[in-house]
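Sharing a structure, written as structure tokens. Questions coming.
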Amino acid sequence: MTMDQHLQLTVDGRLKHFLTIEGLNAALLTQILDTAESFVGLSQNQVKKVPLLRGKTIVNLFFENSTRTRTTFELAATRLSADVLNINIATSASSKGESLLDTIRNLEAMHVDMFVVRHALSGAAHFIARQAAPHISVINAGDGQHAHPTQAMLDMFTIRQHKQRFEQLKVAIVGDILHSRVARSQILALNTLGAAEVRVVAPKTLLPADVEQMGVMPMHDLDQGLRDVDVVIMLRLQKERMNSAFLPSESEFFRCFGLTEARLQHAKADAIVMHPGPINRGVEIASAVADGPRSVVLQQVSNGIAVRMAVMSMTLQPGGAA
Amino acid sequence: MTMDQHLQLTVDGRLKHFLTIEGLNAALLTQILDTAESFVGLSQNQVKKVPLLRGKTIVNLFFENSTRTRTTFELAATRLSADVLNINIATSASSKGESLLDTIRNLEAMHVDMFVVRHALSGAAHFIARQAAPHISVINAGDGQHAHPTQAMLDMFTIRQHKQRFEQLKVAIVGDILHSRVARSQILALNTLGAAEVRVVAPKTLLPADVEQMGVMPMHDLDQGLRDVDVVIMLRLQKERMNSAFLPSESEFFRCFGLTEARLQHAKADAIVMHPGPINRGVEIASAVADGPRSVVLQQVSNGIAVRMAVMSMTLQPGGAA
Amino acid sequence: MTMDQHLQLTVDGRLKHFLTIEGLNAALLTQILDTAESFVGLSQNQVKKVPLLRGKTIVNLFFENSTRTRTTFELAATRLSADVLNINIATSASSKGESLLDTIRNLEAMHVDMFVVRHALSGAAHFIARQAAPHISVINAGDGQHAHPTQAMLDMFTIRQHKQRFEQLKVAIVGDILHSRVARSQILALNTLGAAEVRVVAPKTLLPADVEQMGVMPMHDLDQGLRDVDVVIMLRLQKERMNSAFLPSESEFFRCFGLTEARLQHAKADAIVMHPGPINRGVEIASAVADGPRSVVLQQVSNGIAVRMAVMSMTLQPGGAA
């Protein structure tokens, strides 16, 4: 067992925490997708709730502001009938200089059941999972430039919805790979699920030095990178990285790496276009593509609720944890 | 059908959105009041909830801070057993430069059922209603200087509680008519419900140029304006408009247009005094009047919960929407 | 009846508000502890909720930021199945210059059932309890330097868990007694419950002038103060008071009044160490002690939920209030 397996799985191999795709095998990822499948129909019901986690307390522990991500986890928890406690440490006076560990210990003592953790530092969710009491599950909602595993799984879910199987798929991930926790988690998930080819398309300054070792093919020309792919995943460009050493101007970036309808012609005729949102229109993607017939961007958002419900119920359900 | 009718009503004439009083007829306004009536008793129950909207997700989408208004909608939704998501875009980092439309599309994709919208720009709620997916209802919780229809309906409810019928009523609305979305919605509702006479009492600088066309009688003297009225509606004076071109000092305004017990003598003996709150004591209204036997200010607040429950349940209930 | 009794109790002697320990007798404090006992086991259940306060609305009315305290009350209310409304007046634009009394009157009109009040001014919760409508209960969640009665009761609960009876106990409260609402409430509770000896250990500048009149023994030497005690209660040192006229440097304070393992040897062999949190490690308490075998700091946090559930259910339950 690797360290990540050891940390995320119970002794009998079930999901205890969800921190990273690393160390999880195809069977477990597929179980997440199948469980999510069972929740997708719920949104069509008159009453969009199931009582699976009634009486459980889920804490959204956000050390970094993200209303959008917090919202998806809050909705997922509410639809499982859990009680949600939102704690925003970024703006909170709660800590009063208290250490992270003391904050965790105090919340544990209040008998909460799950921490959904967002943090600017890589490894924060792992740290909390290692320290947390045995009855608590931790879900990583994004840690630094490290991982964003629920985002990757909702992407896998969306791909499976449209392409059924991963085996024959060619996927291009385009944009700022270097700083992207989303890309890192997607690459791991695609390779675990057996995608035929994963390309990362970016200027050299936005690719990690050892990127080939992640099992991907680095490419620097967008047209070439898109050739014959089944899935195009665009990344959000962090505006704060613009006009730095990494990047030229927005318009220059769009000219070279922005996805337009013309460029999309290089992909397969039935290729789908994905983006984790929020979209910078006219920076990494043209509005015509984002709103066009191949875009599955809003389906990703919908699937995000189902996938988060899946992960929450798998880690917290009676018998589902050590 | 007018544009507002077309937007707010289903093809069979039921309420789909609640954006403005404009275009709604007396029958529909009366239906809102009757539905609210059925919720008023609830607050006396041991359990102050009904399961009407269980499993529905209502989003308080506030682009302008207003804890008071947000609170009334949150309580109304909770007492209908809906789940509430508070999103404060004013302070939220969520948007990250995302367009309003993208924010709406994303929340829709999360299968929410209703947007309660507060925005500093007139027309914002209409815009969202026009863009929203078919299953979604929109309630205007105040847009710029345009409309605040739930406030107007809770005022109508309170008037009906005390006066039973609208036909013979003389009503004076006093204060800053020019900038008031509340006044605009009240005038429309009073005229639709058949009030005998609606007077607007204000200095010339605080009356719209074409105010007569709204079906009201403009007056500039408070004593005259109050003569023989059944209902006095005081408006809140926005302090930020003080000492501007519009207005003299606070004390000068109170001397001319502030409601005192002495002045209230001009109204009918059984006249009621209303105010949308929060009150500026000693600016537009004397404390003795605000807290006096004719004041129904706190009844307005109570009725606000029932009226918002009515509008929420009418727009969202099975069979109640297209 | 004293004024505090009159305000907190119904005519037949049951708890209506919980504002201060003052005026409550041992029987009533014991009833709180016994009721809390019945909630302690709940946290082990699959579903950690009881339907006791379903349909009730509890308002966390915080005029001072405190995520930690707000969290404990929110969890307690949620586990009693009440609906919770968080209103943070410190950061809220709601008041718009509205008076405290108008804010209270408005929330009452919305048919809320309880105010949990945190305020920087001593007496704020009393003021609200005196003004509130008859159906409303008020709980003091800390007012200035006056009282923090739920904190004191969770401390009593924790002491009883470990020591069973109060009669023979020697207790030392160590630190900034002068500014501590926690200490004030603890002293009252310990004396009411019949503790044999309550010592307050602090530099002269951090003791009230008339402290003996509170029924405690003032001491200025920590080693002496700890001699043979059963319970050590450390207070949090407010950092903003450091380097003022009251206090020397942090390290100087720790040298004289910080609790270390060596110093703890002076207490009884089975003495327990308490702290209301959040802890300043290395300022008032050494980490080895805070995390050591005698520390019951996290049990205090757990017990805090049960004690708050007890007080909420006692004041709000049908038949439990006038």
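A, B and C label the chains in the order they appear, each numbered from 1.
Keep this in mind: contacts are C-beta pairs under 8 Å (C-beta built on N, C-alpha and C of every residue); 3 or more make two chains touch, one makes a residue touch a chain.
Note that the coordinates shown come from a computational prediction; the quantities given were computed from them, not determined experimentally.
Counting every residue number used by either copy at the chain B-chain C contact, under half are found in both chains. Its C-alpha atoms fitted onto chain B, chain A is found rotated by 120°, rounded in steps of 5.
In whole angstrom, the spacing between the mean C-alpha positions of chain B and chain C is 42.
Touching two or more other chains at once is no residue of chain A.
Across the complex, chain B meets chain A through its residues 54-57, 83, 85, 87, 92-99, 102, 105-112, 318. Of all residues in chain C, those touching chain A in their complex are 43, 45-49, 65-68, 71-72, 74-75, 78-79, 239, 277-281, 298-299, 301-302, 304-305.
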